[in-house]
Amino acid sequence: MKLTLRIWRQKGPADRGGMVAYDVPDASADMSFLELLDVLNERLTESGEEPVAFDHDCREGICGACSLVIDGVPHGPQKATTTCQLHLRHFRDGQTIDVEPWRAAAFPVVKDLVVDRSGLDRIIEAGGYVTAPTGSAPEAHATPIAKADADAAFEAATCIGCGACVAACPNGSAMLFTAAKATHLGLLPQGRVEQDTRVEAMIHAHDEADFGGCTNTGECTAVCPKGIPLGVIGRFNGDVLGALWRGR
Amino acid sequence: MATLTRAPASAGRRRQGASHRSTVVMKIAMAISGAVLLAYLTAHMLGNLKIFFGESSFDHYAHWLRTIGEPLVPHEGTLWIIRAALTASVVVHMAMAILLTRRARRARPVKYAHRPPVQGSYAARTMRWGGVIIALFVVYHLLDLTVGVANPVGASGKPYTNVTADFEHWYITAIYTVAVVAVGFHLRHGVWSMTRTLGRQRPGTERLIARISTGYAVLMTVGFLSVPFAVTVGIVG
Amino acid sequence: MDPHTEYTENTESAESAGRTGYARYTVGAEIADHAAPAGDLAGRWEQRRLAARLVNPANRRRLPVIVVGTGLAGASAAATLAELGHPVTSFCYQDSPRRAHSIAAQGGINAAKNYRGDGDSVARLFKDTIKGGDFRARESNVHRLAEVSTQIIDQCVAQGVPFARDYGGLLDTRSFGGAQVSRTFYARGQTGQQLLLGAYQAMSRQVAAGNVTVHARTEMLDLVVVDGRARGVVVRDLVTGEVTTHLAEAVVLATGGYGNAYFLSTNAMGCNASAVWRAHRRGALFANPCFTQIHPTCIPVSGEHQSKLTLMSESLRNDGRVWVPTTGGDTRAPGNIPAAERDYFLERMYPAFGNLVPRDIASRAAKRVCDEGRGVGPGGLGVYLDFADAIERLGAPAVEEKYGNLFAMYERITGEDPYTVPMRIYPAVHYTMGGLWVDYDLQSTIPGLFVIGEANFSDHGANRLGASALMQGLADGYFVLPTTLTHYLAAGPFAPVDADDPELVATQAGVQDRVKRLLTIDGDLSADHFHRELGLLMWEKCGMERDAAGLREALARIPELRAQFWSRLRVPGTGAGLNQSLEKAGRVADFLELAELMCLDALHREESCGGHFRAEHQSPGGEAARDDEAFAYVAAWEYTDGPPILHRERLTFDNVTLATRNYA
């Protein structure tokens, strides 16, 4: 199949950048979207042009590195699917596709389609953990955890930290990410102890990193490759309110 | 020459901030102020329906509003308390709206070539402009029916006359319609959003809450619009 | 008489062309692991811990450590060392430590908890691992691994790792290949992700505390060795292009495996051998480079554009049944082939373990039936993994609960629905048992250079059992390294390294020269082009089945390819800033050197064991034929500018009896 890609090219953080069109006449429906870019890049390299820079690593939808906005939708048109797992069978022959980086002040463009998402790491550093230094752990079976809680914690913990939620949010908010992590830990007895300080520190770090405030539009959940539900945000808000109430 | 970095000695714990000025707290302030406005709006709408019971009933109701709590509080005392609470709520609500909107703009400095909304709730996307329309309308509404300077009649203490005078003009009905529909949309997302902001929901209740929000918004819209249309069509007045 | 002199003569093709190939090696002194205490196997770790020197908490701050890699091994080590009070500088090439390749591990992690009461114990896990590794691993290391396995689960649960639980709220387990007990703990099909997030979070806590400094998007390009001790690393900041040197009292490599030497593998695109290869060139011995694991259950190749292969977790073999049609050329849809015309070949050949035989055995069996012309799917390179029986027995919802995300992944990639059509799978390169040689303390032959996780060779012998890599990475990082590294550091701080130390300056200059060279060849072919060609060659000649002729061919071809690489490579752009072509080129350059050592090692090991199957050495039934008399040793290779030097570490087995593996 033949596809035309309009790709955001930007030499570096200071460059203005713009969309550039490329034809890929020899795409195949079995290819993944990133393999399409591989084919284009191989051609660009051999003709002496700089290939398109984009983040990727595992190519199995788990590392959270890949991060393309495809026709205006983070991770593209297929629901609950990362860019690397998106296959061309979801596109029409002859289609023109826009490819852009995640756009948010908190995610400055490094080059082309590569952005800096370290703001998400700052949020985890602020409190997205359980304080359990190595060697201090009690026997694992000492605390049974209701299956429902364990399962719900797991669901929230499947977040891959890709940042698509931020890219989709009209406010550039990272609340889905932040709340997913806080929910994962808050649902487990091990994590409940530092719940109050955790949520306060995390929301503070979230705001410090220039993410916007949440208005519950739900754009984030709609594009989240792991289907993290919007409910985690409500839960997180309640936890912040609770922490304030208890006056920490 | 390459630079050389010697591993640093421990730097000590980074300060962790407090969250009392966080975006979540701002949203909580919006939700609480919104809830106050919501309560008022509901009462206001129900009060408006008195007009269907005739002129004296409606005017009496307006008069009663000014005498609540007497003689414990002076004349119009309760009304002023309500007005003060409403003003405070409006100020907080709008201030937070402005701060959060500015923040959101800063958080997305470069726009997408095109970005079709995936979730696509119209109400959610129009909260800010809808809010501005409501604010402008509230000013007009106060000048029209509270102060009276913008009313075709502007008779003090005779709300029934003023209201019916308004809606004999199609363009005033149109203005009110636009505004009330804007309020309707605002409430559709506002009520939903408020429940998210104020707390933890059990998973799976989302759809129910969304339905309740829609139902409430529709009821409010219909309730408010019934008055101008009743007048325009001639059922009242 | 050395049995390997045959190859030392056989150097014609490589040498006459004037290339620096080394289809030749010399034999050096034997080596031994002097770090492990003697005495009762079960008491060795306790004894080692007792004998290890400690560092006073106040002094730890003056003993900084570099940890390269943030996978399970690196992140757990960085977190623990920092908790002890050592300043840690950590590096990874991804944009966040949380994205290290460990995140992709699906199936689970082993631990001898015996929660099922099904007869598991430390001793049994030890035995299973030694046997699974086809008796090519060190007893002392493996026993320690089995011992600490139980602590790992405790630690992870304390961190909030959401393992699967049963309705009583207790931890659930499942079975993995090579074991008859159910000792594999899991978090749906995302165990690696959950464990890594746990370690990453523990490390993040130390970042906030100021004890860990993370340099993400930073690649290690060389090791700094001064006065015989590892003292630092030369790295390139992938965003700014700046080359810098970081110094510390010790260096830990946790940089993962080198499966990407095959181009197509289940490893992430960026997995590379550069860190270990550069350390090898600086003097660290490289052990058993030919021991690679080919995983039986991967999604088959679909076309030449293919950039990587996707694993379907081994856990699927708990419930999926592997089969091919009994006769070749059967083009009927799988559902239309009656049971009588299906060959459930694993169940037929290995009734005791059935579909749960170890990976090497399952892979070779699949290859054999495909070679017989009975493979399914495009090119006949695939076998069915069928869930019809499981769905009938357990119901579709139960199957979805267990494997939902794997099924979804399969469908996204292939466009086929595994609930109704059997999966098609084929073996693919997955893991490398070989790696830098380390002693019981996980220290390489360069003092102060410690190697943990998949990057070392230590615990899996010639074949790793499923769910044991996660166990090893975390055992190394949380429990073993902190003890043994502390012992080393107790002798520090070592003499400060001067900025103009000649060894340091030469190392830095070497890195910069190499970057410049890669950028200025200005040929006409991309690094990917060479990588693809190397990968294909390795897969064919040094893959699931190897023979002397093929390996010799590869040994002749690789130097040619390398020469071509250094004359025809094109890397667009500059070194000042993000340049993914440059990163790739550097990695391929190192694979082009390592691949040769892999082939040489495979050629010299005239036996079949575990993942290393030499066609010349098989039983009449087609099983691997080990030669314990000649080859019960670790092959540790020393780098020289000429032919490498082989050092043997003899393996002795006092606690298990050397036996032919039998899973039938």
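Side notes on the structure shown:
Letters are used for the chains, namely A, B and C, taken in the order the chains are written, and counting of residues starts over at 1 for each.
As a convention for this text, a contact is a pair of C-beta atoms (placed from the backbone, for glycine too) under 8 Å apart; a residue touches a chain by one contact, two chains touch by 3 or more.
Keep in mind it's a predicted model, so treat the numbers as computed, not measured.
Taken together, the touching pairs cover every possible pairing of the chains. Comparing per-chain C-alpha centres with the mean over every protein C-alpha atom, the closest match is chain A.
Between the interfaces A-B and A-C, more contacting C-beta pairs are found at A-C.
Compared with chain C, the chain whose C-alpha mean position is the greatest distance off is B.
Between chain B and chain C the centroid-to-centroid distance comes to 60 Å (mean Cα coordinates, whole Å).
Centre-to-centre, using mean CA coordinates, chain A is 33 Å away from chain B.
Here the CA centre of chain A is 28 Å from the CA centre of chain C.
Contact of a single residue of chain B with at least two other chains is seen at positions 14, 16.
The multi-chain contact residues of chain C, meaning those touching 2 or more other chains, are 208. Contacts with at least two other chains are made by residues 125-126 of chain A. For chain C in complex with chain A, the residues that touch the partner chain are 76, 79-80, 83, 94-99, 101, 103-104, 113, 115, 151, 153-160, 162-171, 187-188, 190, 192-194, 197, 200-202, 204-205, 207-208, 214, 216, 239, 268-270, 302-303, 305-308, 310-311, 408-409, 412-413, 415, 478-479, 482, 524-526, 528-529, 570, 572-573, 577-578, 580-581. Contact residues of chain A toward chain B in the complex are 6, 19, 69, 71-73, 98, 100, 103-106, 125-127, 152, 168, 170-173, 197, 199-201, 203-208, 210-219, 221-223, 229-231, 233-241, 243-244. Listing the residues of chain A that touch chain C in their complex gives 11-12, 28, 30-32, 34-35, 38-39, 41-42, 44-46, 48-51, 53, 55-65, 78, 80-81, 85-87, 89, 110-111, 114, 116-118, 120-121, 124-126, 128-141, 143-147, 150-151, 153-154, 157-158, 160-161, 184-185, 188, 190-191. Against chain C, the residues of chain B that register as touching in their complex are 1-14, 16. Across the interface of their complex, chain A is touched by residues 14, 16-20, 22-28, 100, 103-104, 106-119, 121, 124-125, 127, 189, 192-193, 195-201, 203, 206 of chain B.
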